[in-house]
Amino acid sequence: MTALITRRVVSTLLVLLGVSVVVFLLVQLVPGDPARVILGQNATPAAIAEVRQALGLDKPIVVQFMDYLGGLLRGDLGTSLIVNSPVIDIVLPRFMNTLILAGAALIICVGVGVPLGLLAAKKQYSVFDRASMFISMTGASVPVYWMALLLIGFFGLTLGWFPTSGMYDSREPGGLPDLLLHLVLPAVAAALVPLAVIARMTRSVTLEVLEQDYVRTLRASGLPESTILWRHALRNALPQIVTVIGLQVGYLLGGVIFVEVVFGWPGLGGQLYTSISQRDMPTIQAGVLFIAVVFVAVNLLADISVGVLDPRSRKQAVA
Amino acid sequence: MTTPTPPAKTGSPATAPVLEIRDLSVEFATDSGTVRAVDHVDLTVEKGGILGLVGESGSGKSVTALCILGLIGSRRAKITSGEVRFQGEDLLTKTERQMRDVRGGRIGLVSQNALSALDPSFRIGDQLIEVIRLHQHVDKATAARIALDSLDIVALPDAARRMRSYPHELSGGQRQRVVIAIALACRPQLLIADEPTTALDATVQQQILDLLLDINKNLGTSMLMVTHDFGVVAHMCTTVAVMRKGRIVEQGEAGEIISFPRQPYTQGLMNAVPRLRLSETERAVPRSQRRLPVFVEESAFAERADYATV
Amino acid sequence: MTATLQKARRVEMPPVSGGMEHEGPSRFRLAVRAYVRDKAAVVALIVLVLVVLAAMLAPFLTPYSPTEGSASERLQGIGTPGHPLGLDGQGRDVLSRILYGGRNSLVAGVVPVVVVFPIALTIGLLAGYAKGRVGEVLMRILDVIFAFPLVLLAIAIAAVFGAGLGNVMIAVGITLVPYLARVAYTATVQETGKDYVEAARAAGATVPQILWRELLPNVVSPLVVYATTLCGLTIVVTAGLSFLGIGVVPPTPDWGIMTSDGGKVLLEGYVYLAAIPGTVILIVSLAFNLIGDGLRDALDPRKQTS
């Protein structure tokens, strides 16, 4: 078991190193001289040279990367070009807000998607199965930003049930209940697409499991169908479902960016949106890096859980 | 839920058959019309006896066996006629809930795929305990003791330690012993064994068959052996029914039919058995009968390779 | 049945003579027949064709400019005389913007996939055939790219390049390479292990012959299916980039920027302005997904038999 975890952690660290390379290279892709971009077209050569030196742009690219990586390891993500404060101070609180939103969305995805897929598999070809699979087929194609706007229009404006923007009431912030109220619509919007995919995949994995020979043994032992489904089928489908969930977190995080913009949620996505319009590269880099790290971490977790869940791989790791 | 019914119900004489199937028909709806997989079948399993249900694959023998448990498992299948009388009760009229008490409680199933018949994600002991607690309403410790007893009956080596093993840690023969242990855990009156040795090595096959025979002798469990192998019938069955294209073409005392098969189809099935296995029965079959040109009108199935390989 | 037959036939045939062309037409016809049986896929194809035609024929379908409106007639609802889908916040005809915007959205959604397709196919084929260290290194590099959620990477690259339809297409195209390449790689590795490739090798076929005549036809099928489904995603993503303001430059219309414009007046109660373009995106995306599903079944030999 520990061998399996060690192997996964090591390969994840390599991936993270690659991620930092990509994020670093992002700036190199910016057309033109970053110093000139910062100072504008009318800057004097002397001023440009000064900025280049300040940003380390005059050093060889490998040295620049080592500097960047060293900074990352110290928690130094550079300085914002716009607000002149350390990027980490801007990004970290927003990162927490994004985790809250993404976490809530993930709970909805799993809490609704997995049972939906299981029931659809149980009632294969029934009206319920066809209806839920048609809805999830459609749901998988839904543009998140559109769904977010429609939710605001219907539940926020027409029905007036939920606030349409922000994380807390701006006049009288009300702690956790206020947060939860503000969380509902964005979380649902961000959850929809991955939920649809998770439901579909859960269904097909469960159908496979239900065709296995041991299910017949269980039926012949007199176990009720509900026990077979929720205990045995779910348990055997779980490793594959967890893998799918891990991958869907990528779509979820992508969707969260849009949702944060639409709902004015003070998270990384909203920050990314602002920074892009300001062309604040260090902040953009930091936002991208944080989201990628979350995704990588979630998949590491999913990988390890799959190893723990499957008695066969557990055995292999010991041997 | 009721506690397992005692073996002999009041009112039925001790000699009454455990299982009586009368006029059973099952139809499957396929894309090209309705197929009758089981066609007015009559079968009887005597108390303490072993009935061999023999036929080639697709003859309807497995469907018949699963019908008893109400587990045909296809929404395209439909039982169109007949009754399945188990200890005097017609199982076909029972509700799904009532059938759950019968399955695993009063009738056990040993299915053909020994290697994949156990849930790979649960420990052997837990799978046994789950079934025992379902039918016998005992606490966990008692259930564990019953489970261990069952594993002892099927002679699983090192049973106490094996309770904590996962199926993949066991050999094929050991797994089939566990499947039998689960089927026997609640002391059913009838055990249905659907080609129980198909997935196993030749030497292990013999051990499993001997185990089933021991169980029949020691516990008095009646059995329905579904097989395509007349060697199995010769080895352990008291009565035999030969099935072909959904119909019973011949049935009676096992020794008698092996010695004097009336149907060429039966003869063909017997000849398809590997020599090794047939040796003891062969002596019983008169030389004259063995040389009958039985394949003339049955050439279609004579070409099948199934018999020689298993 | 058919699958085994085909496999058997392929082994028997001298591979260097190119058995594929011989089977070509019947295989194609089988696929078409299987596709037509899938009603959802047929409807989806018809819908998609209609949408494409409508976008192409925009000047004939609407008399209004998609970019110029009259400030006096802004925010008119659905069913306004002369403007069936109403007028937006700047007094522009919504139908015109949907039709003309469709040109941009469809091009931006489909072109990246089409352009990247052969590149990814080549990478996947070569790496999959070489397997060993080359394949290993490639997969490790792809792992790094996959560490970024697709949308995030597209946003990051587009943000770096700056707004504009061309930049969006480049950004999305770069993002898609690893996704398509991985599918081609996996398919190639699977096919390389099969008997007919072994037979071709034994018959003395050169590596280019094996790649081109034997592997390519069998790798292209799954890749086409995947690419079709991907179009459903890229339509949503490219429109999303416009929604975020890093796509088309105003006043150029596209469905994403229209949704975004609609969002700005949403709180004033004009939900339909965001709802309409988003619905069109959803329909087109769903159409691509259904077509992809239909193709997958149609190209699966096991499901071709009638």
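Each chain gets a letter, A, B and C, in the order it is written, and its residues are counted from 1.
Convention: contacts are C-beta pairs under 8 Å (C-beta built on N, C-alpha and C of every residue); 3 or more make two chains touch, one makes a residue touch a chain.
Predicted, not measured: the structure shown is a model, and the values here were computed from it.
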item	value
Category of the chain touch graph - line, ring, star, complete, other	line
Selected pair, greater C-beta contact count between A-B and A-C	A-C
Rounded Å distance, chain A centre to chain B centre (Cα mean)	52
Averaged-CA centre spacing for the pair chain C and chain A, given as whole angstrom	23
Junction residues of chain C, two or more chains touched	none
Residue numbers on chain A that touch chain B, as the complex places them	125, 212-214, 216-224, 232, 235-236, 309-312, 315
Chain C-facing residues of chain A, complex	11, 14-16, 18-19, 21-22, 26-27, 29-31, 137-138, 140-147, 149-150, 152-154, 157, 164, 250-251, 253-255, 257-258, 261-262, 272-273, 276-277, 281, 284, 288, 291-292, 295-296
Residue ranges of chain C in contact with chain A within the complex	140-141, 143-145, 147-152, 155-157, 159-162, 232, 236, 239-240, 243-246, 256, 259-260, 262-263, 266-267, 269, 271, 274-275, 277-279, 281-282, 285-286, 288-290
Interface residues, chain B side, partner chain A - complex	69, 71, 73, 75, 99-105, 108-109, 111, 113, 116-122, 130-131, 134-135, 166, 168-169, 179, 182-183
